[in-house]
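We just call them A, B and C in the order they show up, numbering each chain from 1.
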């Protein structure tokens, strides 16, 4: 057991280090000079050299990698070229948008998906099941940015119920801030809910076929009790796994939605940083997201080990 | 019961609030800007977005540029110029304070100008200060600037955003927390989202009407339209012309079309075969249908040009008839150049919609005469690097927004790769000619040479399209420089 | 998402009979064939020429002359949806091809060898999986420039580990089977066994995963093009059409509605097809879904 966990941990760390080398190397070959971009068309070559020196862009490659990677470890991500503030501050500010957005989307998706999955599973093969699973199929097929565009024009432009985009900041009050996250969260949640509903349904059906459920039914327990008390609890394991993966996906995968609603989140930070050649921001945020994915995967591995006795005995 | 009371009280409060706001004019404003400034120090970066927030609002210079490109007094209430045109003596306003409470005096002027022209200065427009020989403090309210040679545009130069006066105390922190002498002071900056300014308590000049202004960053036009329609944002001084159709019939908004100094051109790499052949460049000029380009890429707004000069400029000569849209003529010229079977080339397009949309139309028009263009969209960073610096391109579309900049065609190693001694001579003559009639003649000749050589494809003058709430007054119609001057902006009602 | 299905041991007739009774399969099959037909038709005929700009006819609503209306350059949207189909399909298909072409041999090889080779390959897989796909696709297009080819590469790279995992899992399930043991006893090399026995037996598994990735590829292409990083003009693609439509939602909503619907219908069709195939070929899955 311990040996297994240690091995997983070592693998995760190795992946992280490899990933950092890949990220650094890839960004080094991005075309375009950040110093030239900052100073514009009228700047002289000398001024650009001066700025490059100030930004530390003229140092040798290896030294810059070690400097950057060392900084990551101590949570010192360096300073943004374009904003000239510590990257960690930028990330913290952006997380204040992306994290709640991902959480709301996840909550919405769960609140929609689990009842639908439950309903479908309990009505397997009947009209209700076919309709809800058909809807889920549709949900998976709709591109979320297109759905977002439609939502904006119905709820923001036409009905004027919520803002069309932007984020007032949490200082403007909880409600205005939440309101501006509502449409993006719905747009993000829909395809996730569709996937989750399907997983919930098949997990439930699988559990319902297990012997102990049959036994419970044979004992004369009502179907509802069996479904709620026994089946749902056992079906939660695959559902939670998917939820964990979806969370990592939501955190990283909001780039398009954040652009549609011009939300100042992590995804848009990276998108803008790429076009502005703010390499240090791109490197740091990508690494952070990669680390998040690896951490979630590791947690999933660990929870499997905790749940599955066969894994516990294997080492 | 108690709950009901609370709700009732809240409702009454809301009604009362609604009532007052209906009578008093609004004092807040949310302005949409397309790009987020990298920082807020106009003396240390080229980005137009810095000026769009700070110019005339937070920072002030000795002089300032008005809505129609005129030079107005600002921190200097008056000035005198010596007879030889080399010594400028500025009389400064007194009782002026920086936002942090520091007093403004002639020392700050000397500090700011010396800093901007210093050896290690990162000022993006150092050429503005090139003529300055020395800056002297005569007394706290008088400053004397001596030039190395007379410079006609010196007062205009001192009105640029790059020449604003900063305080030695706050100069190093202006990027994050700008401190100036203007009517608005910096309040907060939510990175990636918005920048807020509030009215300064002790402004020296005429009081402003707005209490609070938020500049909200809306990078793409897709988000700009719904934000405007839903009332989240009340003004877009620089609106994408391509989106005008979406709001022009809505009585809630005013669409204001003004002029810029932006000649939008199809730049050609004059050294890159086959574009080194005059016939090929002329064929391209004949192949272009300016009306279709203006209609398709700029919503029909913008004046066609025939050379590198704004139609609003006093030196402008109309050369738009030089190359009428003529596909047969274009094909004939290509045949003369030995390219009757056409050829392939690339078209690199920077992000603005005039380039991306115009590029698609131009590619289609050139295809009609046998030139097949591969469209390559590039970001500004890549454009500056590949096209502007390394001259690695065939064709590109860009708007040259600097005022009166026909001399760029005579610059050595400029990205057009154009080198015509006759043209260079005309520009050199212009530099030393003061007689107005003669200057006019020379400018006309310069425009004609460029048109005859078909150096680039001249398209149209970029319009400045502003869209804002119909009840809002005082925003600039034209854009002589990048700025959102809010000193006269107010809500009617 | 990866699927686990068993190998069918049925007659062709039995499978066909099941297929005709499976609504998901039938619906998906009909939709997919119709979309393919539409794409194929566009090579020989479209109502209008999509490369010809008619600025005078720009942004006109749906009419008898233009069923789906016209875009900002006066092009016929119906014609563009037809031509766009082949670009969207081509990008997704080639991306699946890359994923299968590289991923399947890798996965099968890992399963055949086991041990360190397996471990190393799977770790590289993990590495690619750790990168958020869309983010990485944006980085790739930022480096090499936007365009259909780079979009294919960006999407294709992220298909590789998916197919590698499926192929490996499928192959690992096959290896302990008796007929493999027999082949081993007959002295066949592991490569031979992989080609002759393992791959044919995991083909349906790969087919199902292929349909899923195909559908995901169409969505990914649309997303990249929506950000302006995918297919470039003058060739229309559905995502590119949405990119053009996003700034004109109020004045010309039809520019967004029709290409969006095309994406939804196609992805829906492919997903139904994939589900249907899995259902038909796997008796156990009938019970599970």
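In this text, a residue touches a chain if its C-beta (ideal position, glycine included) is under 8 Å from a C-beta of that chain, and two chains touch if they have at least 3 such contacts.
Quantities reported herein were computed from a predicted structural model and do not represent experimental measurements.
J.: Specify the contact topology among the chains shown, as one of line, ring, star, complete or other.
T.: complete
J.: If you average the Cα atoms of each chain, whose average lands nearest the overall Cα average?
T.: If we average C-alpha coordinates per chain, A lands closest to the whole-structure average.
J.: Using mean CA coordinates as chain centres, what's the gap between subunit B and subunit C in Å?
T.: Those two chain centres are 45 Å apart.
J.: List the centre-to-centre spacing of subunit A and subunit C in whole Å, with centres computed as mean CA coordinates.
T.: Their C-alpha centroids are separated by 23 Å.
J.: Between subunit A and subunit B, what is the gap in Å from one C-alpha centre to the other?
T.: 39
J.: At least two partner chains per residue is the criterion; list those residues in subunit B.
T.: 220, 222, 226, 229, 379, 382
J.: Mind pulling the subunit C residues that touch 2 or more other chains?
T.: Only 142, 246, 249-250 qualify.
J.: Can you pull out the residues of subunit A that are in contact with at least two other chains?
T.: 31, 149, 152-153, 157, 259-260, 275
J.: So in the complex, which bits of subunit C are touching subunit B?
T.: These residues of subunit C touch subunit B: 51-53, 55-56, 58-59, 72-73, 142, 145-147, 228, 232-234, 246-251.
J.: Where on subunit A does subunit B make contact in their complex?
T.: Per the touch definition, subunit A meets subunit B at residues 31-34, 36-44, 47, 50-51, 82-85, 90, 93-94, 149, 152-153, 156-157, 160, 163-167, 169, 259-265, 268-269, 272, 275-277.
J.: Any idea which subunit B residues touch subunit C in the complex?
T.: 220-222, 225-226, 229, 240, 242-243, 245-247, 292, 295-296, 353, 357, 359-361, 363-364, 367, 375-379, 382
J.: Please name which positions on subunit C make contact with subunit A in the complex.
T.: Against subunit A, the touching part of subunit C is residues 1, 123, 126-127, 129-132, 134-135, 138-139, 142-143, 215, 219, 222-223, 226-227, 242, 246, 249-250, 253, 256, 260, 263-265, 267-268, 271-272, 275, 287-289.
J.: Subunit A touches which residues of subunit B in the complex?
T.: 36, 38-39, 45-47, 120-122, 124-127, 175-176, 190-194, 216-220, 222-223, 226-227, 229-233, 351, 379-382, 384-386, 388-389
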